[in-house]
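Paired with chain B in one complex and with chain C in the other, chain A is shared by the two complexes that follow.
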Partner chain A sequence: MRNRLTTWGTILRISIEERLVYRGDFALGTLMRFLPIVTQIFLWGAVFAALGAAKGAPSRIAGYSCNDFIAYYLLTMISRAFSSMPGLASGIARDIRSGTVKKYLIQPIDMLGFLLLYRIAHKLVYYVVAAVPFALVFFLCRGFFHGWPDAATLLAFLASLILSFLLGFFLEATIGMVGFWFLEVSSLLFVYMLFNFFFSGHMFPIDMLPGVWGTLVKLIPLQYLAYFPAAVFLGKVSGADLVWGLAIQLGWVVLFVIASRVTFHVGVRRYSGFGG
Partner chain B sequence: MSPRPSYFKVFLTFARNSLVRDMTFRANFVIDTLASISWMAMNLGFYALIFEYTPSIGADTGWGKYEFFLFLATGLLVNSIVQTLFMTNADEFSELIRTGSLDFALLKPIDTQFLVSLQRIEWSSLGNLVFGLVLLGYALAKVEYVPGLVQVVLYPIYVACGVAILYALMIAMAASSVWLGRNQTLYDFWFYITNFSRYPREIYRGRFGDPLRWFFTFIIPVLVVINVPARLLVRSLHPQTPEDWLLPLFTLLAAAASLWASRWVFNRSLVSYRSASS
Partner chain C sequence: MAVIEIEGLSKSYRVYHKKEGLTASLKGLFRREYRLVEAVRSIDLTVEEGEFVAFLGPNGAGKTTTLKLLSGVITPTGGTARVLGRIPWKRENAYRRRFALVMGQKNQLWWDLPAAESFRLHQQIYRIEPTRFERTRDELTAMLGVRGLLGQPVRELSLGERMKMELIAALLHSPEVLFLDEPTIGLDVVAQYNVQSFLRHYQESRRITILLTSHYMKDVAALCRRVVVIALGRIIYDGSLAGIVDRFGGHKVISLEMTDGQVPDDLACYGEVIAVEPPRVKLRVQRGVVPEVLGRILAAHAVEDVSVEDPPLEQVIAEMFSSTQEQRAV
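== the complex of A and B ==
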């Protein structure tokens, strides 16, 4: 057990060091990532201006005021900072295709565990470096929020963020494992990204979706990657719904932990490596 | 042998070679086309969703649902042409500079900017062009307004102006990798800047909006790329203001100036180019 902890510690440390090499580029890139929010602010401002002119009174769209929309987009930036896993699935598929995956099979290191620690290290560094630009943008945009939510909501928000990180990781890892069967997963990944972009709530609050679409989108796990944490922060989900929401999110995490394990296990049995 | 190569013939050869290449990986071609079309279809769904809640984008701007679809269709046309002709090439240009392979382009007896800009035609992006044309037809049928002869003649000209402006911006950004070493974030920058062109310019209003609109109209003219041709098709909704006349005139100027500036940046970058080893 102690040995294992040391191994994990070492993996975490080297991953952090690797990540810190490009810190300048990184902080700038983070700030740039907020630029699309600027157009969103103006777009929704224009939409609400038209609404106000048409009905004579400021109104709401699917329960969101104009400010709520901006606050929502800013918050999904945070959930995405936790749940997005750039290069994870494609990296796994590439390792399978090129045979690099062998190193996990012959060394006493668990592939999923290694990748998870590597990812945690990257995310930790990311939060440290990105904290400044994030804080700056949120400070400038504080007018769009109704102040801080209470402590319980904040805790729930934090819990949903951590769960969204785990869900994002194991979901994408599972997609990557499909590489054991297909070798190339880029088309599959594109479909996933397409659905993720529109139905995780990254593009718009999914409360806007009417009728059966809304129900359907709330049934699939994607909403927990962007929409759910933001909705928790804004107080859209509370009481028993909140507890249920977190429980279901946890359920999805467990499901995908199992799915990624099983696909890896079965995949390795199919896999054949040659040469060195 | 004539001293001046036939640029049109060379272009046709590029187009044919690219098509041959694309057809070698046919399944990949089909997937690429479907992927970009489904992306646009999802986007369209998002805007249709917005119009479930609001009659127009911006009060009294004339951008109702189908007018806005005309805007989107115009954006699709401009962007798909840019992607088909230039996107891959601009990206490869940065790579040519980084690896030093630009030497080979410089040695060819043809204009380097022409060669670098059009070498590879991305045929799969034409799917979006078709999608844009279909959307254009559909939206035109829905707005129940037939554009006059002037609009029909001017529209393609202004679409071409939009393409020229975006091309100039793109090739200038790619050329800048001579000074920056590696230009990995080209696509990112591209996305963030053109992001501003994706909506009607009327939405940029107020204390921050006005300077922003001014900047992206006159300094980096991405706001006229889609707005001006799209406005041509929905103009009839509006009384004509001086701006309606001046902006199209300015767009012609902006397109010419952008091309000239991109040429200048391109040539400057060639002067600063120091190969890589070899």
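== the complex of A and C ==
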């Protein structure tokens, strides 16, 4: 076990070092992530200003005030910083196509474990660099929040963030493994991104969706990538619902851990089948 | 002791056969024609411990497929193979820690980081004990003369330097079996020579078993006593490099230097005239009739000097390859 921990530690350290090579691109990429929030503040400000001008119009939409909307978007920005996996699925598919995947078959190393550590390293570097700008944005926007939630909620928020990272990783890894069959997964990934954008809560809070759509969206795992952690922080989910929500999120993680393992296993056999 | 034992090993796979043109591409969306390629056809081979064996053959002969089978990347369609007593395609860690595969056209090192970091990672992956790791690394970097480049990002190294680093990475865990797939491809003469002499010394001192594929006859001549020629997925020759010339080189070259400086016109009746540079001339003659032809020439003409040589190895092998390619076309 100690050996294994040292190996993981080395993979993590080397991945971090690699991430720090391209400083300029990295710094720019980190800062650019904050641009959309500015447009959101202006957008919802304008929407509510227009509503306010009309007489008798409600000051809330689907239970959200203007401030609630902006607070929600700020929080999904955090959950997406955990759950988004740029380049993961396409990278796996590229490795399969180019034959780089051979490395994981020849060396005594587990591909998914390796990629997970690599991704953790990327995220860690990102959080360290982005912590200051994140703190600054949240400080400037503190007026949109109703104070800090209690410690238990904060802890649940943290747990849901970590689970959203794992869910995002194993979900996209599974999509990448489809590359063993299709070789190219960019169209599949595009469809996934589209669904992700609408149904994870990235575009709007999904509890706004009425009737059957609302129920449907609650049944698929995407909400745990953006909406759920934000809802936990805002106190929209609490008590037994919160425990239940975290349990389902964990269930989805386990399901996709299994799915990615199985697709890898079957995929490698198929890969062997056609040579590569 | 046999390190590699292959019996009746076969590998065939389907490839999509697409006709030319847009219409064919559109049809391909609905129905595809596949062609069965038999890359390796029932080969038998035994390699003893400490042998350095070359795999020769034209492109597409099945050399790389065989190496992939032996390193467990692909599963065969028939037959068996055991390397170090283990079945490669089971991919057990106990086997994976004991062999290495180096592909001249593939890069396994971290592109943006110094090679030293990739080596450190290999130490962990292969569980190499720290003092042994450092000793091996220092030995190998000294032998290949790249110690000063350990701290330089891999992307900034020349192709030759990178290949040396790839070799070091593959040898850090002291594999007992090494598969080399065209390790000197694209290297200049000096780098090629360096890699060659390194491999020779390394193999001689460690007595490890090496299987090498290469298109450079110089590599093969310098390194391997045993040569296995594979064509159309079958082994067509297994023996020494010189033996190839005996078996496949059906001709010898007679070089003459005429006394009077004039090259006679009737030489074509003795054999094929391949070069005329008065007073010298070269004739290609069937191997079996060399003594007789030589006797007739010497009786009929005044000759100052004479020599009989085997044709160049490259030429024999090229002829052998092209004859197998013709068989394929038929």
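General remarks:
As a working rule, the second predicted complex is superposed on the first by the 263 of 276 C-alpha atoms of A that agree within 3 Å, B and C clash if a C-alpha of one lies under 4 Å from a C-alpha of the other, contacts with A are read in each partner's own complex, and residues count from 1 in each chain.
Just so we're on the same page, contacts are C-beta pairs under 8 Å (C-beta built on N, C-alpha and C of every residue); 3 or more make two chains touch, one makes a residue touch a chain.
For clarity, every value in this text was computed on a predicted model and none was experimentally measured.
Taken together through their common chain A, the two structures put chain B and chain C side by side without a clash. In the superposition on chain A, A:Gln107 makes contact with chain C only, not with chain B. Between the Cα centres of chain B and chain C, as seen from that of chain A, there is an angle of 90°, stated in steps of 10.
Residue contacts after overlaying the shared chain place A:Phe42 against chain B, while chain C stays out of touching range.
Look at A:Glu18: by the touch rule set out above, it reaches chain C but stays clear of chain B. Shared-chain residue A:Thr7: touches chain C; no touch with chain B.
Least inter-chain distance for chain B and chain C in the combined superposition, rounded to the nearest angstrom, is 6, based on C-alpha atoms. On the side of chain C, the complex with chain A involves touching residues 11, 13-15, 39, 65, 68, 71-75, 89, 91, 93, 96-97, 100-101, 106, 108, 110, 112-113, 117-118, 120-121, 123-127, 153.
By the touch rule above, chain A contacts chain C in their complex via residues 3, 6-7, 10-11, 14, 17-18, 21-22, 99-100, 102-103, 105-109, 269, 271-276.
For chain A in complex with chain B, the touching residues are 29, 32, 35-36, 38-39, 42-43, 45-54, 61-62, 187, 190, 194, 197-198, 203-204, 208-210. Residue ranges on chain B touching chain A, taken from their complex, read 31, 35, 38-39, 42, 45-46, 49-50, 52-61, 185, 188-189, 192, 195-196, 198-200, 202-206, 209, 212.
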